[in-house]
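Notes for the one structure printed next.
Chain nomenclature is as follows: A, B and C, assigned in order of appearance, with residue numbering initiated at 1 for each chain independently.
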Amino acid sequence: MLLNRPSLTRLAALAASAAILVTACGGSTATQSPSAAAAAAAAATPTAAAATAAATPSPTPLITAAPISNDQPGPNGGVVVRWFVGLGTGGQPQQIATQQQVVNDFNNSQKDVYISLEIQDNKVAGNILKTEIAAGNAPDIIGPVGVEGLNLFIDQLADLQPLIQSQNFNMTKFDPSLANFFKMGKGGATIGVPFAVYPSFIWYNKALFDEAKLPYPPTKVGDLYQGKPWDMDAVRALGMKLTVDKNGNDATSANFDPNNIVQWGFDMQWADNSPLAESSLFGASSFLAPDGKTAQVADSVKTGETWFDNGVWKDHFIPNQNQINSDLLAKGNEFQSGNLAMDETHTWYACCVNPAPPAKPIVKSFGWAIAPSYNGKITAKLHADTFAMLKSSKHPDAAFKALAYLAQSGALLTAYGAYPADPSLVQGYKDGVDKQYPDSKLDWSVPQQMLGYVDIPNHQSWVPDYAKAKAAWQAFGTGYRTSASFDVSAELDKLKATLQGIFDAAPDKNP
Amino acid sequence: MTAIVTGARETGRSFSDRSPIARAYRRFLGRSMLLMIALIIIGAYLLPLLYMATTALQQPGQSTTPGSPVWPASPQTATYQGQQYPVYSVPMPDGSTRSLILIEPGRESSTFVDPSAANPTPIEWQGRWRTLQQAWTFSPLLENFTTAWNQLNFPQLMRNTFGIAALSTLGAVLSSVLVAYGFARFRFPGKNLLFIILIATIILPFQVTLLPQYIMFTRLGWNGTWLPLIIPHCFANAYNVFLLRQYFLTIPRELDEAAMIDGAGPFRILRSVVVPQSLAAITAVSLFHFFFAWNDFFVPLLYLSSKPDLQPVSIAIQEYNALYATQPTLIQAAALMTMVVPIFVFLLAQRAFMRGVVVTGVDK
Amino acid sequence: MSASTQALRHLPAPARRSRLRPSVREALWGFGFVGIWIFGLLVFTAGPMIASLVLSFTDFNMVRPEAVTFVGIDNYVRMLGDPSISASLIATVKFAVITIPVTMVASLGFAVLLNQPSLPAKGPLRALVYMPMMIPLVASTLVWMGFLNTDTGWLNGILRALGLAGPDWINSDVWVYPALSIMGLWGIGNFMLINIAGLQSVPTELYDAAKIDGAGRWQSFRRVTIPMISPVLLYNLVIVLIGTFQYFTQAYTMTNGKGDPNNATLFMNLVLYREGFVFNHMGYAAAIAWLLFVIVLILTLVLFWFSRSRVYYAGGDR
């Protein structure tokens, strides 16, 4: 293949650069151009760097120090290890500064390894990483990255087991189920070390409950709400009372105007239009049957998505796609807008309840409540983050050293709003979040309890050709939120057939 | 131009006209009418820009408040027991309307306080507070611009963007003029085929050549420099060549021939006949390429992702957009600021446009 | 061309010194000028193009570059049965039917309006119309998304004030095409400038002559302006056509590349992008790119062939 012949490309490159020198830019009249360009490019670095230092009084600089080549030693004399951020969290303004600080501390503390930080916006990070991998220019470490991100790059991830042993990385401090959580690579390879877990539960806006004179939802598993079980029916009834139109009618009123809603009762924010995520409240499932090749749609998905569909179009307590993207719901950050009463989401959302400064918080005080049950059973979906290493890394030992350091950084955990997998770091994390939201007086027993009700199988677990399969179920997830006449059960049958087609055509059938 | 020419002639005669004032008035009226029509059409066309500017001046969070006005405003507030509360116009049972602050909202009855009272006491009001008129004060927030300016490091971004855009425009336009001249004025074997290939290069989606090009430039060591954004443009670009050729073909060949008889070679004909005749087109091409380079996003992102110091403004805007997705006020303020330099460039180029008109008019 | 060869034969002393025949000399000059582009083509474009053609016969996967194998014409066969390909073709054609005429007419309309000799302040007005071109596409798409939002957008607000119920612009698989065409109006700046430059190159004598012949405004626009600027209009048409088939950034920004609603904005370039960069099937994506390439090339050639008798070149043959 043409791409794999470096000699040919190099020859072409040589010819090209020679020719550029000779012909210059477009004939004799334009001789200035290329040399000027090269000079400008060369000169731009120091001056621009100086300008950065001088002209950035900002508390949240958007840019980070330029990474340096992987082949030469870094400024501290150590082996350069490239750390790629952007596949998951890590791109928020408040997080960037912390990450840079963590890296600087590491680089100044020893002389063996130099971490070079590369932060990409989440929307383009996947593409950049793919291009770098395909061009043989991949970073050494990626992360923080969740199960979904790992699925997408599973073929490229290194087995960390040998390094965990050779460098004596302590795995015993973790809960055993967590220690084994990332044994999800090819042939059971360990592709990550436990870093952070993100249990999910209900976040509620206290002001909206107060206004409706309604009691807050329960914080202990087994507690009743207004004398009835805290289940999906209770959420529906409560959600409708908390959904209000501009005249002050709630969704249970006969005068309610669904075209002028100004406040909604419930949603599962930033669930990526995933039917599995939404329906996890009704029970965990996968689109892949245990045989590893058959597509399936579990009953919980049918029940759950029908509940959501009715919630949007019949009972109106869940916003539709257009309302989510409107100004009233802060263009997608629904809970932040102050116009959503209950939001089922993960601990990572501690990042974003308040808008980034200088904007002032809209939600003055919020609370945490346990996830509702369905048929007496609670399922609170779980996200987990780790750092992974690419197989292509030229310096696996140095890379793992850096990885181990990052995976044990308390500062990073706080910046990501990540519930630490390491029990000894939990208190520091709690203090960090409490400091961020002093008025909310958060009940930490809620996330702790929810860790006992996680979704197995995980709603992001691997299926063949994950990216394409995801696009298919997202089309369903967006479909019912967009159109009132969407037939959930027929479309789910269609989705199953589509997924079967994708699984059958997948180039790579086994994880 | 027709009207300018005839108009000039008529003005020359108008001194002897019986009612020069009436004529001038009629002309003034016509021009004003035309300007009005143009302004109305352009106003409608630019309405989203007004939305953008309004957003850029709004208080963060204004748009998420139900019933907030479209203009930049902040809710009127007053202090009660050390806390700020919003002001509403409340119709009272006695028929009067009072400006009160809402301290405790409720569905069917709420608690208000009169902030102007000497000794404020809570007033229980029966009714729905959502149906009340909230008081807003006009308060454009210029701070959005300074915040965005400080967070984005604008001077450096502008320098980078302008540098990349200007250098690649220079290379692209010079080379394109030469190549277009070759296609428009010379006969050589395979010309039509070459021209089809030229057009075909426009058609191939850039996503496909992206990866091979990335590998090539990375091997050349150009990754992390401006070279991949500039050098490939220095060998003419199909859009420009095609456009310039179309113009060159509208220039009558007799002009070339006259110059040739005077002993001019191809370069002199290009310089003294073809270029002056198509200044407007060349200006247009320069502008297009400049703005293309100004807004080019994916290619700079790919090659400069590891060199934030060298990045142009398009990347910064995209990142800013992702970071402050819930704060359209800041995003739109930043986007508006990025337009300042291009508008300046455009207005400068306008003069070349006008000169193009003069040249065409005089020569014929 | 005969005129110029004739002229070359009359060339005075300096040119006559060369021993080359005039036609050879002309060809050499031609190659010399065009050679700049040919060189760039060979170095920067031809290699990547061939590479992408080679890719289209493989199962090259972005995240498994080492596991590449030749699959013959499998990718091309697969396209025939791929519902997203046919859906994207339909979506692209639907969009093209609306947006191409809208763009052509609007850009010519603005050009004529802003080239009126008696219009004051032409420069600033042109700058105003051109201004949206200077807004980064990501930002302007956001503006339009807010402007067109069914509930809180200005456009529906205005329609409501006029007593009309505005449609769900972004989320309806019917209204999304007009919505995108309206958004596309902000991209007509270039075409307007091209048209203005074209209008300015029309010799004034022709209008005078038309006037003497008793032609009205519309008559002289149809019989003088349109034919005289037809090469420019052809250029615009070709570029708009190609641009429509390569439509990408706005659709991508709007739906984050998902093609919502109901695959209505799953344009061909978006399918290509998704297969290549989202699903990692770069080999298949390269095949789609070549399908797209061939379709647009054929359309363009048809356009050129069709225009042969309709486009007037004052400077001689093509």
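Note that in this section contacts are C-beta pairs under 8 Å (C-beta built on N, C-alpha and C of every residue); 3 or more make two chains touch, one makes a residue touch a chain.
Computed from a prediction, not measured in an experiment: that's the story for all the values here.
Enquirer: Using only alpha carbons, which chain's centroid is the nearest to the whole structure's centroid?
Expert: Of all chains shown, the one whose C-alpha centre lies nearest the global C-alpha mean is B.
Enquirer: Which chain's mean C-alpha position is the greatest distance from chain C's?
Expert: Farthest by centroid: A.
Enquirer: Compute the distance, rounded to whole Å, between the mean C-alpha positions of chain B and chain C.
Expert: 19
Enquirer: Using Cα averages as centroids, what's the distance between chain A and chain B in whole Å?
Expert: That pair's centroid distance is 33 Å.
Enquirer: Express in whole angstrom the distance between the two chain centres, defined as the mean CA positions of chain A and chain C.
Expert: The mean C-alpha positions of chain A and chain C differ by 37 Å.
Enquirer: Touching two or more other chains, which residues of chain A qualify?
Expert: In chain A, residues 2-3, 12, 16, 26-27, 123, 131, 134, 136, 327-328, 331 touch at least two other chains, as defined above.
Enquirer: Residue numbers in chain B touching 2 or more other chains?
Expert: 63, 175, 178, 211-212, 216, 234-236, 318, 328
Enquirer: Give the residues of chain C that touch two or more other chains, as numbers and ranges in rising order.
Expert: In chain C, residues 36, 39, 43-44, 47, 51, 55, 146, 152, 277, 282 touch at least two other chains, as defined above.
Enquirer: Sort out for me which residues of chain A touch chain B in the complex.
Expert: Interface residues on chain A, with respect to chain B: 2-3, 6, 9-10, 12-13, 16-17, 20, 25-27, 29-30, 32-34, 36-38, 40-41, 44-45, 48-49, 51-52, 55-58, 60-64, 66-67, 91-93, 118, 120-124, 128, 131, 134-137, 210-213, 244, 246-248, 250, 262-263, 327-333, 336-339, 352, 355-356, 358-360, 362.
Enquirer: Can you list the residues on chain A that touch chain C in the complex?
Expert: Going by the criterion above, the answer is residues 1-3, 12, 15-16, 19, 23, 26-27, 123, 126-127, 130-131, 133-134, 136, 152-153, 155-156, 259, 321-323, 325-328, 331, 465, 467-468, 471, 474-475, 478-479, 482-483, 507-508.
Enquirer: How about chain C: which of its residues touch chain A in the complex?
Expert: These residues of chain C touch chain A: 36, 39, 43-44, 47, 50-51, 54-55, 58-59, 61-65, 67-68, 145-146, 149-152, 168, 170-171, 256, 258-263, 274, 277-282.
Enquirer: How about chain B: which of its residues touch chain A in the complex?
Expert: Where chain B meets chain A, its residues are 60-61, 63-64, 66-67, 104-107, 128-131, 143, 147, 150-153, 155-156, 159-160, 163, 167, 170-171, 174-175, 178, 210-212, 214-216, 218-220, 223-227, 230-231, 234-236, 301-302, 305-311, 316, 318-320, 322-329.
Enquirer: Which of the residues in chain B come into contact with chain C in the complex?
Expert: Within the complex, chain B contacts chain C at residues 1-7, 27, 30-31, 34-35, 37-39, 41-42, 45-49, 51-52, 55, 63, 70, 175, 178-179, 181-189, 191-192, 194, 196-205, 207-209, 211-213, 216, 232, 234-236, 239, 241-243, 246-254, 256-257, 260-261, 263, 265-266, 277-278, 280-281, 283-284, 287-288, 291, 294-295, 297, 313-314, 317-318, 321, 328, 331-332, 334-335, 338-339, 342-343, 346-347, 350, 353-354, 356-357, 360-361, 364.
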